[in-house]
Every structure is written in C-alpha cells, then in structure tokens.
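These notes open a run of structures that come right after.
In the two complexes that follow, chain A is the common piece, with chain B as its partner first and chain C second.
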Partner chain A sequence: MAALELMPAAQPALTTTEAPPSTSSSQPSQKSMSKAERRELQEKQRAAKIAQKQQPPGDAPNKPKSKPKPVAPQNPTQPSGADASRSKDATSAPTMDAAEMSKSRNLRIFSHFGLPKHGPGLKGDIHPCIVRLALQFSEFKICGANARCIATLTAFKTVIQDYTTPPNNTLSRHLMTHLSPQITHLVSARPMSVTMGNAIRQLKLEISGSDIDMPEQDAKDLLCQKIDDYIRDRIIIADEVIQDLACRKIKDGDVILTYARSSVVEKVLLSAHKQGKRFSVIVVDSRPLLEGKELLKALTSAPPVSWTLSNDSLLPPPPPIPCTYALLPALPSLITEATSVILGAHSLHSNGAVFSRAGTALVALMAKQHSVPVLVCCETYKFSEGVMLDGFGKNELAPSHLFRDISTSSQEPNLEILNPLYDLTPPSCITAVVTEVGLIPPSSISSIPMALGRISL
Partner chain B sequence: MNIWATYQRKLEDEQISPPLAAILSLVDLCATSTAGTMFELVKALNEGSDSLKQHSPNPISINAGCELFIAFVTLFPHDSASFSDLKMELVKQGETYVRQALTYRRKIGELAVDFIKDDSVILTHSYSRVVMETLLLAHRSKRISVFVTEARPRGLGVKTAQALTAAGIPCTVILDSAVAYAMDKVDLVLVGSEAVVESGGLINAVGSLNIAIIAKSSHKPFYALAESYKFHRLFPLSQYDLPSHNPRILSFPPPIEQDNILGHPSSAVGSEVPSSRITQEEIAKNNPDVDYTRPDLISLVFSDIGSLTPGGVSAYLVGMFAG
Partner chain C sequence: MASEVSNTPTQRAVENLAWKLRRRQIVGSRATALETLLVLRHVISKSRFSNMEQLVTIIRGVGRRLVEAQPKEHSVGNTVRKVLHHIREEYHTATRGSAAASYSGFSISKFVLLGQPRKNTPLPKAESKGTLKENDPDDPDSFARSLKPVLMEAIQDVLDELETVYDNVSKNAQNHIHSDEIILTLGMSKTVEAFLISAAHHRNYTVMVLETAPSYGGRDMAQALSAAGISTFLVPDSSLYGLMSRVNKVILGAHAILANGGMFAITGSLLAATAAHAHSTPVVVCAGQFKLTPLWNLYHEYGALDFGDPSQVLGFEEGSLVDKVDVVNPFYDYVQPNLIDAFITNDGDHPPSSIYRLIKETYDDEDNEL
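== the complex of A and B ==
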C-alpha cells in the first residue's frame, strides 16, 4: 500500500482525471493509451467510485476481497451467518482495518487468484433461479466441475423458457444479451469453471445458429432440447463409457488409491464393485474441503447387493468395499500399498496437464515416484485449449469465511490463511487419461479435439 | 472351416508375420462364409478372431491384425449390388492390403538406415524380419557389426546370428544377462516388435525391457521398428496388465519337503529327486513370452507411415480409432 500511495506524488502532473488517488497510481495520458487500456481505466474508476460510495469513509479501498458482501438490506437472501460476522466486523472496526491492511500486503502475490467478487449486488434483471444458483455456488453447496456445469445448464433452461423476445428483435440476436448478465452474475459468485465455459460457448453457438423464422416457443424448446442433449452426450453417457473403460483396469486384489472426491471416480469404483470385483480403496483427503468424506460415505454405504443366481448356484452378495481413509500427510506410507491411483479432474489442458483439486499433484507425483500407474478420469468436454505450466498463473481461493476452522484467523492480525482450490499435475506424472474415446496418454490430448470435431464447432 | 489350421498354414510362409496371417485367415473366412448380411459377416469374423485368440498362447499380435481387418470391413462403403459381390471385393481388398504390407519392411528399412552411421555397432534382440531387412540394407552401404542377444527361452538370437553371418555381417551372440556388459560398446539398439500400443510403448519378446532400461541409463538410442499393422489399440498400465499375462507366469511352485527341513523325515519319501532337477521347459513355463517397454524408454519408432516419436505413435492411434 505504501508504495502505491507514494507513486502519485512522484508523477503528479500526469493524473488529469478525477480518479481517487489510490487507483491512479501511474497512468500515462489518455491519448497515448490504447482503446483497451482506456476502457480498463474507466472500469477501474467506476469500480473505485462504487467502492467509495458503499464503504464508510475510513476503510481501505481494496477491501472487499474476503469480507462478506456489504449488502444493502433489500437483499433477503444473504445467509444469517454472514450477517453475524458483519455485525462483528462493525463492532471491531478499527482492529479489522489493520488486519485488512496487512492481509492485502500478504496476499499481494496471490491477488490474481479468483476470489468471489462481492461487487455491487444484482445488476440487470437476474432470473431468480440464477440468483439461487449463484448463492449455492458461493456457499459451495454445488461444487465440482460436472455438478456445476449441469446445474448451470439446467438453470439456463428455465431462463430460456421464461424469456420473451422484446419487440423488433430476434431471439437469435437478443437472447445472448439477456443471458450475459446472468452469466456475469454466476461468475461473480465463483469464477467460471472450464466445463461451464465450454458448455456456454456451445450454447452461444446454438443460439446464434437458431433459425430466425422459427416460432419463438419452438426455438426455445429446440434450445432446451440441445441443452439436454449436451448434458446427456457429453456428461452422462461419457461418464458411463469412462466407467466401463476404467473398470477394465481394476482387477481382483487391487488396491485403488484416490484423492478427495470426483463424481466419475466414485461411479467407477461403485460399478467395479457391482461387477463383483474384489478390490479395496484408499481415500486420501485433505483440508479445507474434506470432500473425501463424501466419497467414503458413498463407498461404504454402497447399495447392498442381494444373493445372485449364477450357474444354478446361489452366490452370496459380495462384501462391501474395504476402505481406508487417510489425510494427505499419511500418503507416503500408504502409496506403497496401492496398485493404481485413480483421480478426477477439473479440467485438462492441451499440453496434457491436469488441473484438479489442490493436493492431486502431490498424489500423482508420489505415485510416479513409486511407479504406481496414475489414471485420470476426465470427460472430453473438460478439455481446455489453453496451456498451463503451473497452478500459480490461474487458480481460485477458497473463501476463508466458509472454511475457517482454525479460529485464529480473526484474532491474529498478521495471519492470513491461503487455501488455493486447485493445482496442476504435470503430464509426466500421469500414465493415462480415461476419456469416453478411450485411454489416451496425456501427451496426445491435443489430437483428441480434432478427432471429435470440436474445432469445427 | 478350421480357422486355426488356416492361420498355421499362412504362417508357414517365412515372410508372413502373425498379424498378416490373422488378416489372411479372416479373408479366407470371408471368402468361404455363407453370411448374407453385413451383421452376420461381422459376427462370423468376430467369432473367427475369438477362436484364433483362444488357440494362440500370445493373442496380442493376432488381435492387432483381426482388429484392423474387422474395423476395415465395418467401415467399408458397401454400395455394391449384391452382398456376395461385396464379399468378393472385401477379399480382394484384404489380399491387396497384405501384398502391400509386405513392402512395408523395405520402406521401414530405408527410413532406419539413415540413422545408422558408418562403422557403428548395433545391438538387436531375438529375431525380427524387419530388423533383418534393415541390417541387410545397411550392410550394402555401411560397415556395421551386430551384437544379438540369445533371447531365451526361444533362443531365436542364434537364427539372427546365422543369417547375418551368412550375409557377411560381423555378428556375435551375447547372453541376455550380458547386455549391460556390452552396452558401452554399442552405438544404437534396434529391435522389432510384436505390437506397438496406444501409450507409444512397445510389446516385444521378453528381454526388450531390460535392454531399453540399460540403453536409457547409458544414453544410447533405442529404436523400434514396427509395421503399421502392428499398431494396436491397447493401453497396458503395467506388465501384468498385458493380455498375455496369466496367473501361471511368475507363480511359485507349491512348497515341498517342509517336513524335512523341520526335522520330521516321516513324510518325505524320495522328495530329493524332483526338487533338484529344474528343466528349461519348467523355467519357460513360469516366464512371460513378451514384455512391455514404456514409451519414455524409446527414442523413435520407425514405421511405414514415418519415423515417429512414441508421442506421435499415440497421436496417430488416437486419431485413427477415436475419430
């Protein structure tokens, strides 16, 4: 902060705009800026103005990072927990101020990580189901790449059905402008996942390609049908194929190690059990989300299989899956037991790197070290065309107010808990990626979109 | 018709490798089949390939050929007037393919020869037709000398050595266990293959993995030669994930004469005799025929579609089957 405030003093002549001093650090004159730069500056100024308006005058300007959204009372959906913390904030205002200052200093190198942006409340007419979905996202009630994508598409179906084209406009031209603020609202709750991005891109394409002469209701029905098809083809059916392929790699007597919870991995393990394979599972888990507990619950409460008749003899139901639950620090002593590692993914980049829950890279690295094969289950709609080299360039932080079980964070002014949600597993640590088009080595990911014809879409 | 007998007969031809023999057997099956529809024909072909696989102790290379032919049949545009015409067309195409495939070795040899420098020492493993072709081709323009491993249990390295010596190439048979000893004298390793799999790895006569690991650690290039009909849609995760693996391999014999050791000679009746005599056949029985070489150990794969890195092989396979 100190450095930022010194800068304008050094170059006072250049700041001709009326921007607040903290944001106009070192800007060249507007004429020498490109169009994009000018727009960026404008937006910065606008944001600063809003921030100034909404905050009591004593606060630091870039505060709203981790503090719960300072909402006006007309928003009744704000959970009561946040209300309580807000009132606490109000009482301890001076100490919190100091904490905020140091926090912004500590987090400065991580400040580009996506955090829920609690900007100005509802902007534009946001559909109620999007408002609800955004809350579910920001509270981590809906979490996971597949779940979020399905939930988003389902909500968009409602939005599309409730939409009427304004007069003198066409659906194919106008619907997207109606959807954009909804998407913006969802993104403000939690950064967009790659899966959502891919699905929305596909949806945009379908909208712009819809026939201009079609009656409105028919066009809307067709779009909803397209959304259903997308969910079915790219997620549901893809998962079934992946289950089938991954199950073939599970043999009797195997010990499967998995990390956190992935919906696909859960399905794979359950269906392998259903096929009567005798294997055991080690669930490795880690704070802050502790998603592995959910997986453990699902595996241990696998539906009881009744006695089966085979070759005229009654076979007893297979015993439940033997499971071990351990936290990440126990991994080195458990990895030697494992015969294979099966992981889920948030997204897969074209250099073969897997972006997944924080901790996955550690598990994959350790497995490689012990030459245990690592399988990553990932549908092709999670593929991203970009290249990622580390988990630092782009990531997301778990909002500290949701996962604060170390009670010190509010009392220790110099302590900031950093919980990146994802990390990047380099392709060299992965043996194979299980997709609906087969098992492929991570280095050949880039040849898949072509095979699926996604480039032409 | 007995497809296994047909397959055996086709294999008698020195030039025909197992995948091609499998394709030719399926072509014969196609010609004699009474199937009246595409569905019946594909069903008959699948049954034929299953029976081939069941008879063979090592189904991997047969599978590669069968898969290729069945994929070809199912994707073949059938616009001919009658189904028997279509079948004749398929038979013709199959035979043309095999005839063409026989020229692949020459093509591969021409690609690989450029990587062999004058006066180089080459290590090869067991016996491979495509390696022989390449070495003989290299011998015409370059001075080469060859180490060939004995390749137990089948001992095919001796066959290679005989053929090379007859052609005038200096050649020495080395023990499988002497590969590490010899590696420092070697300039490059050249091996054939049973199948090239989707990971870009290689399935070949047992011992190839040892050679690949030793070559990697001595920083010597390890080249594999494979005709494109050996490319196989398979992704082994480990040695025990291969279709050729069975519980008998690496199994332990039931323990004997425990009582003797414990000092109770009561039930040990002449048990000294079987334990002391372990025959070669017995050893071979508990050992694998093939092993899987990981892609990171392979420098290049020469094939009739070009010289590929292991990554390129998998990209080609993914593009061919996943499309």
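== the complex of A and C ==
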C-alpha cells in the first residue's frame, strides 16, 4: 500500500490520509456509500482537471511506468472508499469516469455480500468476554461453524453468570434485552453463522420459559446447565455418533478425498485411523483460508507415539495416514483416485442443499461426475429452515487484509479482490448426509428437525 | 537425424533451441512456435538439398529433434508440420503450376474455405515459377536455388500469421461479448487478454478472473485487464461454483487443441468448464490455429501430462509437513470436447466437432508422426 502513496511531485498533493483497512470504522450502509462515492468521484474529477493543467507535458510519458494510478489506496473489500475525507489525490486519467461508473455497477452486483463491518465501537455495555470473542471472530482466530457456536455459547454462560436482574424486572423478561446487544456486537464482527442462530434461538426459548419464581442464581445456573447440555447433546455427542457412522463407511484400502478442514471430518478420519483402518487421504485446499494445511497437520501427527498394544505380543505402531495434498485446480486429476468424498458443512437447508466452505460444491460436482459417493458430515443443529438456490444469494466475504498476498497488493482502479467464503452444493451432488440420527439422503433433510422436536435444549 | 543438417551453425541453432526448450527457458505456445519457425527458416536457408525428399527429411529431422526435446510443447511440432505443408504446397505449385490447387483440395469444405482470406495467399504465386529440375547432376544446388525464395516466402506467411494471431483472434470479439455481461476467465493467456481488451473497446462488461493456483497467473491477468480499463474482479478458485450462477460466459485459453476437439489447458480449466456445464453457461476457447495438434489424448482421460513445482503448492516454510505428505501440482487439464461450445481462432470460429477438419486442412497426413 505504501508504494501507492508515491505520487509524481508535480501533482497537487492533497491530503493522503490513508485509512488502513481495519480502522475504517463506522462504515455506512451500501446506499450511503454509493452516495459518498459519487461525491468523491466528483471531487476526484475536479482534482484530476487541476492535475492535468499543472502537469508539465514532459511528465506524461513517464507516468505509466511509475504507475501513479488515479484512485489512491483503497481497501478492496470496502471498495467505495467510503469516507470522503480520505485521499482525494487523483491524477489525470481519461478512463476514470468510465472506470468509476463501472465500479459502482460492480458494487451493485456484490452489494448484498456481507462486507465485514469493523466493530462500531462498543455500543451499550458489552461484556469483555464478548468483546474478546468478537475480535477472535473478526480475525478468524475462531473459525468454523462448530467452533464459533461453542465459543459463543461458552461466552454467553459467562455473560449470564455475571448478569443481575435489575429491580422491578424478571430474568425471563430482561435477560434477553441484555443479551441482544452482545449478539449484535458479535454479528458486527462477523455475520452470524447458522449454528449460532439456531443455538441463540434455543437459548431465547429457554430464557423466556424460565420460571419467574425461581431464585435468580438458580435460574442462571439452570440456563448454564441447559447451554452445557446443548453443547454436549447437539455438538459433542452428535459428533461422536457421526464419527461412528462415517467410520463404518471407510474400508481398508479406501482413498478418502476431503476439502479444506471440517472439525467433524477430521475427527472421523482420526477415529477411523485409530480403529486400525488402512486408508489414505487426499486433502484438497484452496485460498483464501487454506484450512487444509491445518487438517494435514492433524492427520500427519496422528498417532501420538506408541500404539504398541499387545494382544499376545507387541504390535508395531500403525503407519501414519498417507496424505496427498493439492490445490483445488488439481482436483480433476485426483478425483479419479478417490473412492469416496467426505465433506463438512456450514449449514444444511431444507431442500437438501449444503452451504459450506467455498469450493465444496466443486468437489461434490466433480465427484458426482466420476460416480464417487459424497458424504456430508453435519450435525442436526446445523439445519436451517430456509431454501437456498445458489451460493450467490447469501454469502460472506473474507476480509482481504487478512488473506492478501504480496503480489496482489498493488491496486488498479478497476481491480477488486473478492474472497467469498461459502458456496452452495446442490442436493443432486450429495449422496448422503451423515447426521447423528443416521445416514439420510439430502432429500429427506426437511423431516429431520421435526423428528428431533427441535425444542430440545 | 542430425547428420542431415550438415553445417555446424545450423546444427548449433537447432541444438540451442532444443536446450532452451528442454530447460523451459522458452515456454508458451506462441513463443515456442515463433522460435521454431525462426530456426526452420535458418535451416532451410542454410541447408543443401537437390530434391524434395531431401528437404523434407532435413526439416523432419530438425522437427523430431525439437519435439523430442520438449514433447509437452505441442506447438513446436505443429509449426514443423505447418511448414512442411506449406513447402509441399509451394513445391506442387512450382512443378505443376496452378493444377496444384487441386492438391489436397478433395474436400468440399476446402472449397468453401477458399473464400476465406488466409487461403488466398499461397495461390497467386504459381505463375512466377520457372521450371524446376530435381536431382540435376550438373548443378545439384539448382533445385534449392530456385525453390528457396519461394520457401522463404512461405515461411514468412506462417510467421506473419503467428505475429498477427492476437489481432485476428480478437477482431470479432465484440460479437461474442455483449454489454453488461459477466465473463469468467482464468490463468494468464495472452490470447484471451487481447480478446477481452479488444471487446472492451466496444462493450462495457465485467470480468471475473480466477487466481488459478498454484501459478496464480490469474493475478497477472487481472492486473492486465484492469489496466486496460475493464472492471475486473480477482477471485480465488474456490469461489468458482458460487459465482457461476451470475456468469454469462466462460472464456478460456488453450495450450493445445486436439484432433477430437478437446484441449489441453492450464489446470483449473476443466473445473471451470465442468462448473459452467452444470450451469449451462457457454464455454468459449480463444486460441490461434498454431495450437491445432493432430493428436488425441493418449495419456489419461483426465489429468496431468506435466507437473509443476510442488513447492508452489506446499512451500518449504511448512517444513514439518513437507516430508510427510505427497504434494501434487499438475500443470495442464484435459478438457473434453463436450464441455466446449466454440473455438475462436485467428481463422474464424469453429465448434469442437469441426476441429478434425481444420487439422486435415492445415497439415499433411504423412506428417502426423514426424
């Protein structure tokens, strides 16, 4: 970014207060952004005219080389350069008008993608553990549907314990109003995952249903107990059941292909290995998150040390899981070797579509084309009731300041870098969904939440 | 066969190129084609021959040497084949006059093609030739002397075609791209770049460029396109499927176009073509005709023919992983013809089903094995 600050000396150096990506707080909504952008555009054009006049003619041929591209530092995820107080330096660029025009159009295409809004300060009294959690979310230190849900619920336990009902109010009525700014704060760090939404909905139900006559501490303890139960029943135990079910589908000699990293898939592979099954794993990975490396680390360091169990004699430790690692474009060359594909999920929709890490849909599609069975491991608490038709409708962009490579850091006015985080796998590409209630075809997803009663925190 | 090339400077030129190809100092279809052509011109101008067979043997020898040096660069062999084809054409026009026009003109499609500009060039030269004497015992060089200027002209034709390939591929670009379309492309292809930039002169549209790991050629492409004033999005490969529902057209480059209408292209192409197929999005391939290769995919139906550096995928900074994991980095994909909707070449647009015909017309059958 710093290189972009370099401007020909001849230019009227206006204020170049570059806003580093993380500090562009209080980002306005899309509508006002485009308005601000228009204003900025006008000002830039004006500046461009001045620059054109002032620039000595000899300077012109020099320009393209030194790349003083018109639009000054911009964060690609906040491409509008929202705050007009920001750099208004602009050189003469004839294409500028058109470029800006098309850019605003582009923004329209992607305007509904959740751009990560950076913490709008602390509104209301936010519990410190929520503040910390929000930071961890926004920095992708805690990432993944299960991890985020567990972390959120654990943090809420602390919040609930530290909560005291104000006088003339009841816990069942007031606690939720206390929690909702905390939730808002978390969502402002990163859009809420479906898992968090489901868990919070359950929590709300429990809170509103808590007994008014119960002493406050008891009620809080009961709520925390319910949260623990939820984590245990819907996530931990569910994962164990899924491990068990999915392991049965892994045979000796299998080649399991998986994409990126799902905590459940990792557990499945490790437990199958622990059971002594001999199989190999192909890990397919892709930018921006490159989570597959984490999975690789977990798999290659799988057996602690020993495993020299003795039935009658000492057994040698089983060899580590043979792993192959490749990036997504290499998938077509590898899918022919795979005997089954096991994937994780972010959420599951009632039409059977799986919303998951970007790239999952490609893996499932290729697997289907090669008649390789696709298993999706997904706890029932990840079910979402809506129907989704494509991954474009609802998505989330990775903040590019976290996942930027050096080579892409230089900024062209027309170039924007987008890192969508999710995509939607159509149910036709999925053979079966492994849930804690069994292996079910994606078409019967819609019947499952009912079977579980859903009100089972 | 190098013995055919008697004089050492020629041999040196050939060996020089062979080593450059082998060391991958020259990469890319067009660069290799150009270099091959220059070497062939050098060889023809320097070598001595007294009849047609000798000349063909010399060129084939050189061609074989170069192809063996780098079998993955198909355009080397293609250029040799094309030069051989042109030489024979010139030879026949020189010996039999205008009757030679009927040579290899047995297909009705050839007849149709004569109306096209490229085919017009070789024919009018037939008049200027005098009588050619092969194997003249008194003056063994007379054949070479009288034929060489024509051959140089023929090679110049091929050279011109190579040099204008980007312009000719992109001349109809605005017919393929409409206003407000969203185009998806990947990798760094000069042909596609020229095509998109040419279309941008007439149309206002958006391009999404996949990064195309692990080479990340897409980043260069995105830079080049955005510098040309096209609104460009650089997206990671993983978002391909998610974005495909909004993409109107997928435009790909090719490494080599095969006789069945399939192609070899940078890894990621097959994934993009498959995803496009699933969304019924048209897939268009931009390529010069020097990429037409009289080969079938003899390797595997899917998969790599060539492998890149694994450290691009998993670098040595991941020290603890590197020795425990197999890392795969295939360089090319094979894209089947059924996934491709059209080839846009410097000589018109063709469906994959008619590629075999183009190949028949561009090369002589006897040269398919050099």
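Here, the second predicted complex is superposed on the first by the 334 of 457 C-alpha atoms of A that agree within 3 Å, B and C clash if a C-alpha of one lies under 4 Å from a C-alpha of the other, contacts with A are read in each partner's own complex, and residues count from 1 in each chain.
Just so it is clear, contacts are C-beta pairs under 8 Å (C-beta built on N, C-alpha and C of every residue); 3 or more make two chains touch, one makes a residue touch a chain.
Computed from a predicted structure; not experimentally measured.
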Clash or fit, chain B versus chain C on superposed chain A: fit
Chain touching more of chain A, residue-wise (chain B, chain C): C
Partner chain(s) touched by A:S443 [first = chain B, second = chain C, both, neither]: first
Touched partner set for A:C323, first chain B, second chain C, both or neither: second
Touching partner for A:T195 - first (chain B), second (chain C), both, neither: neither
Touched partner set for A:S347, first chain B, second chain C, both or neither: neither
Touching partner for A:P420 - first (chain B), second (chain C), both, neither: second
Touching partner for A:R287 - first (chain B), second (chain C), both, neither: second
Touching partner for A:S263 - first (chain B), second (chain C), both, neither: neither
Chain B and chain C, minimum CA distance [Å, superposed model]: 18
Overlap of the chain B and chain C footprints on chain A, listed as residue numbers: none
Residues of chain A touching chain C in the complex: 95, 98-99, 102-103, 105-106, 109, 286-288, 293, 296-297, 300, 320, 322-336, 357-359, 361-362, 365-366, 369, 390-392, 395, 405, 407-408, 410, 412-420, 422-424
Interfacial residue positions of chain C with respect to chain A in the complex: 180, 182, 204, 206, 211-214, 216, 219, 222-223, 225-227, 229-243, 245-246, 266-268, 270-271, 274-275, 278, 300, 302-304, 313-314, 318, 320-321, 324-330, 333
In the complex, chain A residues that touch chain B: 249, 340, 373, 375, 431-432, 437-441, 443-444, 446-448, 450-452
Touching residues on chain B, where the partner in the complex is chain A: 198-200, 233, 235, 237-238, 241, 295, 311, 314-315, 318-319, 321-323
